[in-house]
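Pasting in a structure now, in structure tokens, and then I'll have a few things to ask.
Here the chain labels run A, B, C and D in written order, and each chain numbers its own residues starting at 1.
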Amino acid sequence: MSPELEILAIAIVTAVAAALPGTYLVLRRTAMVSDAISHAILPGIVVAFFLTQDLNSPLLMVAAAATGVLTVVLIEALIRSRLVPEDASIGIVFPALFSIGVILISRGASDVHLDTDAVLLGELAFAPFHRLTVAGVDLGPAALWSMGAILAVNAVLILLAWKELKLATVDASLAALLGFQPLVVHYGLMTMVSVTAVGAFDAVGSILVVALMIAPPATAYLLAERLGPMIGFAVATAAAGAALGWAVALALDVSIAGAIATASGLLFAVAFLAAPQRGLLAQARRRSGQRLDFAVRMLLVHLLHHEDTPEAAEECREAGLFRHLGWREAWTRRVVGKAEQRELVARAGELVLPTEAGRHLANNAVIGFGD
Amino acid sequence: MIDDRSAALEVEDLTVAYSDQPVLWDIDLVVPAGDKMAIVGPNGAGKSTLIKAAMGLVPSVAGEVRVFGRPFAKGNGEIAYVPQRSSLEWDFPTDVLDVVTMGTYGSLGWFSRPGAAERDRARAALEEVTMEAFERRPIAQLSGGQQQRVLLARALVQEAPILMLDEPFQGVDAPTEQAIAAVLDRLSDEGKTVIVVHHDLQTVPEYFDSVLLLNVRAIESGPVADVFTEDNLRLTFGGRVGVLAQLAAGEIDS
Amino acid sequence: MKMNRRILVVFTLVVVATACGGGQPTGDTAGPLRVVATTTIVGDLVRSIGGDTIELKTLMGAGVDPHLYKPSAGNVRAMASAEVLVYNGLHLEGKMTDVLAEMGTRGVETLAVAECVPADSLLPVAGYDTLHDPHVWFDVGLWQHAAACLRDALIRIDPDHADGYQLRGDAVIAEFADLDGWVRERVATLPDERRVLVTAHDAFSYFGRAYDMEVRGLLGVSTAAEAGTADVQALAAFIADRGLPAVFVESSVPPRFVEALTEAVLARGGDVTIGGSLYSDALGSPGGPAETYVGTVRANVETIVGALSGSDQ
Amino acid sequence: MELFGDYTLRVVALGSGVLGAAAGALGSFAYLRRQSLVGDALSHAALPGIALVFLLTGSKAPLPIMLGAACAGWISTLAVRLVVRRSRVPYDSALGMALAVFFGFGLVLLTAIQKRPDAAQAGLESFLFGQAASLLREDVVVMSILGAGCLIVLGALWKEFKLLSFDSEFGDSLGRPMRRVDGLFTLLLVVAVVIGLRTVGVVLMSAMVVAPAAAARQLTNRLAPMVVIAAVIGVISGVSGAVLSSLIPRLPTGPTIVLVLSAFVVLSLVFAPGRGLFWRWIRLGRLQPAAALNPVLMHLYALSQQHPEEPDHGHGLAVLRTMSPAGADLEQVLGDLQSRGLAHVVGEGLWAPTPIGRREAERSLDHEAEVRS
């Protein structure tokens, strides 16, 4: 397989692996944890480097994952104390940890080319050249295997704990009431997020991971109404975004990670505009179509109201209708024309009166909304 | 359309729609000055939306709102609004007097600060809801009933001719319920108009002069005596006849 | 719901179509030797020795700092189809260094030119005997080893053009020798107390050792390291005591770091200016004087000597 | 070495102090409006702005770079507001997405620039981010002017910003243009953050927007003192961080200030009078707030509240089921309440809280109120 296609495979696997926990992050309103982890792992890396004095020892990765979990634990402790809101808890923990990392570097290793970008952060473009060979057999890029394993674990965990995760996300107090352990589920989810993030940092770089954990699930949130389909859409959008970004990067010879992040954002924008019910265009289309439809119904209800009342002559006179309904004359004519076209009203001399069908529609114009 | 000079609030053809289902549909409503009106209806009837749309806090597809005959415009102190207690973040760092003083911001210019006069007006309002002792109390330490009284006091300070309250009796202790009812009576006696979104049908006859039965559309409105009837309630609350029968007989609440 | 599924199907179709178009046939073996170099400085060396019998692709363009380099999709294709990969090594290229090293073990010819320099003449990083300062090219003498190393490698890999490589290789080494002598001579014109090179980054240690100049950097090598007020004060005191007339900025570091230093020195009664901008990790723009390695060395030395000897003449 | 006679320390301490004051004050409103992470988001979202400015002007002059960064940051906040207002995507997801997508686009631009043979691009992306230790006199002047400007606007529009943070809809009902006030506040924040990024860098700026406010919130229950205390904490941290890092070699100033800020937060979280974890531990014997309220008991209590005169007025399972989410195993929970004497059956299938149950509910409510204060 050519390196380009290997990169595509890694990008898609990573995108899907990130979108799974990402969906719960978005629903639980803790999406910024993914960005916090990308900053907060620095001290873990530096300490591991001081111990091993080897820039590419796997221990650095293990330490980074551990620091990621520590970050989540600290954030969670702050939130549970109920003294500080969620976003502030995140905004307190990660700068502190990152600063410890910078101080350690400046004091101990300022002459070593050691920071999150240089040491830990992988680059999607290099992934095909870092291969896994077992007993002489080249099994393909290491990143594909590592992210594939993380994807598998994430998928299995989510399937196993489907009910618990769903309940803990929707209503933690009810979960407690019904005997589920929201705390255990929550920390399990956060560990999954931390491991996925650190694993993906090494494969594709930190900023792409944040994009992949938030953009596809947010897009899915616009397309789906229930959790099951939402995860389905998140995975599909993640894969589509990865492939689209990859293709653009090859065509324009630009950063692959950057292009995929941008593509994920574009897919969200498309969904934001074009989603069937929730999209902007749908809302706008509905509103404009609605206005005429409402106007026809309002006309009918108004006519129904005053049909057999003494002021019928005044209220139902076509010429005077616009004044009573508070509409512009042109708009009133258009509404009456539309109603006539749909045989809901009939002209009787100067008056406009609802037909049988019009009267029927006006009656259940309101109560009949359940259809 | 009766063009009654004395009508405090006139709403005509008010229609509000969010998604494809209209939330409020061609509402016509006339509230005479000094009237105490309850807005009742099932969940999703659009009760809150109606007062918010009338005040222009929520966009409406169509409709006109007139106050004392003149088209209503926000900001000239004609309508005072009491939001739902649960819609606020009560952990906000401020005290009771400060919240009530917010009611005077309407009459202050952009850069001016509330002075002693405004604070005295706020204290007077607090006395009306018997909360003057809690002036310095941080709002995070208030019980549900106390929070509701503070919001009411904030509206009183505005001295607006019309007050709109969203579920003021929801989940408050008994003394608070009595206190609020008393304040509404006094306002009505002073010729002020009070419009309240209410959920407890049981207490409608006791606290209100007139009632609007609302379910997306204005089913019926008028004095409680001739509007608050069993078949109107059935029309408003739909099929739950059983509950309605007991309801009309006043045994259990909604 | 079926509406969403239709949108989804259309998406994937469009994407797969464009993806196939992106595929690249792997290069054929005939034709000039395909060489890929990482930094501009290594690229210049390969160009001067490889001549026109090689097809060179330098991943980092002019002005691209290896610490902040971000690969693009095209770089992947170049690396995949390269026959020879030449890079600086000693972890200058960060994560990429491990990738290149690993490619070496899988049959692709790779050469870390900085690692050709005999180990004992490498400067260890303070406190870490296993790690070395990668900026070897600032010592022109040592860079001759890199040239020799490259020449021999090219001869081994591409024997048909061996004599060309031999000829150009020896010429480059001779040029470096003259350049080394010229630098020594130029620096010697500076009185002892003026032989102090103060820059933003600690990248010029080899230059200092080779040409007997004291070298001080405000920041370490790592882009994540931050300076403390104490470091700025200490360096400012040092400059004022030594009465140094000039300090130097680097093109890849915001000038404000060194400006803060000069302001601190002035406040101490010292009289120092910014003597100019030095080329540290990357060559200058093509067409300019600093387009080649030799050009940057000459430009740097002229800037340094000019600024440090300038004021009292 | 005579401490304050030294030029660098004076400049860094003054600069950090001024920034601390402005960021502390503005940060308090950002904290209350749940916008604490704007600092971090803007530092990423600024990248495409920087890259575009370089593509257009070809120079890394500080002013255009800062303008480019501010514009990109401002556009990202507009995008976030549009998404949050027009769709059900929550604020933090919109913020995270804007941050990552803008930075991704910035990366694309950077690699495009990288291909141009123009040496001036060296280190472009680091050109926006400064370091506290390398503050210039000119920086301090700019920061003082803008900082003072921010504080003046905060003071002048104090009640508008308070209304915006506490009850924006009520402000709307008063006829105040709350959307414009919201836009102005976000603009102030963007300017302060971009200035902060340029002078002290990403990390310190992100912390300065959050930490002072979080600490101050624990120490007072009123807005004016909170903003003042936050500003004071910002100043103290800035100055002490600068002094500390001038006493100990190779101790970076920015991160030191962040650690001082974090110490302030931890201390106030633990020891704040009445609210701190330490006092809560003494009072409640445990760190967690009141026992998780038993939802069903609370529902029973709320229902009984509506008939004060008739305490044993029962409520059927149907009513209870409508109040608690679907799937709740009511019978089992009611049985548990009955066994603990907190609720009892008053009629055929009708439940009501016992007097003890009522008191337990009230005590939980008080705990709830007290802990949240």
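Simple rule for what comes next: contacts are C-beta pairs under 8 Å (C-beta built on N, C-alpha and C of every residue); 3 or more make two chains touch, one makes a residue touch a chain.
What you see is a predicted model, and the numbers here were worked out from it, not measured in a lab.
Asker: Find out how few touching-chain steps suffice to connect chain B with chain C.
Answerer: Minimum number of steps from chain B to chain C: 2.
Asker: Counting C-beta pairs in contact, which comes out ahead: A-B or C-D?
Answerer: Most contacts of the two pairs: C-D.
Asker: Distance-wise, how many Å sit between the C-alpha centres of chain C and chain D, to the nearest whole number?
Answerer: Centre-to-centre distance between chain C and chain D: 42 Å.
Asker: For chain A and chain B, let me know how many angstrom lie between their CA-based centres, rounded off.
Answerer: 37
Asker: Where the CA atoms of chain A average out and where those of chain D average out, how many Å apart are those spots?
Answerer: 22
Asker: Rounded to the nearest whole Å, what is the centre-to-centre distance of chain B and chain D, using the mean of the C-alpha atoms as each centre?
Answerer: About 33 Å separates the centre of chain B from that of chain D.
Asker: Mark out which residues of chain B touch at least two other chains, giving numbers and ranges.
Answerer: Counting only residues that touch two or more other chains, chain B contributes none.
Asker: Provide the list of chain A residues touching at least two other chains, using ranges where the numbers run on.
Answerer: 102, 106, 110, 249, 252-255, 258-259, 283 - these are the residues of chain A that touch more than one other chain.
Asker: For chain D, write out the residues touching at least two other chains, lowest number first.
Answerer: 107, 110-111, 115, 217, 250-252, 254-256, 372
Asker: Would you please name all pairs of chains that touch?
Answerer: According to the stated criterion, the contacting chain pairs are A-B, A-C, A-D, B-D, C-D.
Asker: Please output the residues of chain D touching chain B within their complex, sorted ascending.
Answerer: Where chain D meets chain B, its residues are 32, 156-160, 162-163, 165-167, 169-176, 217, 220-223, 226, 302, 305-309, 365-366, 369-370, 372-373.
Asker: Help me check something: in the complex, which residues belonging to chain C touch chain A?
Answerer: It is residues 1, 3-4, 7-8, 11-12, 15-16, 18-19, 21-24, 26, 67-68, 70-77, 79-80, 91-92, 94-96, 98-100, 102-103, 106, 125-128, 130-131, 133-134, 202, 219-228 of chain C that touch chain A.
Asker: Quick check: in the complex, which residue numbers of chain C touch chain D?
Answerer: Residue positions touching the partner: 60-65, 68-72, 218, 223, 225-234, 236, 250-254, 256-257, 259-261, 263-264, 267-268, 279, 281-286, 288, 290.
Asker: Where on chain D is chain A touching in the complex?
Answerer: Touch residues, chain D against chain A: 31, 34-37, 39-40, 44, 83, 86-90, 92-97, 99-101, 103-108, 110-112, 115, 203-204, 206-207, 209-211, 213-214, 217-218, 250-252, 254-256, 258-259, 262, 265, 269, 275, 277, 287-289, 292-296, 324-325, 327-329, 333, 371-372.
Asker: Which stretch or stretches of chain B touch chain D in the complex?
Answerer: Spelled out, the residues of chain B in touch with chain D are 55, 57, 73-76, 79-81, 83, 87-95, 98-99, 102, 105-106, 108, 110-111, 113-114, 138, 140-144, 154, 171-174, 200, 202, 253.
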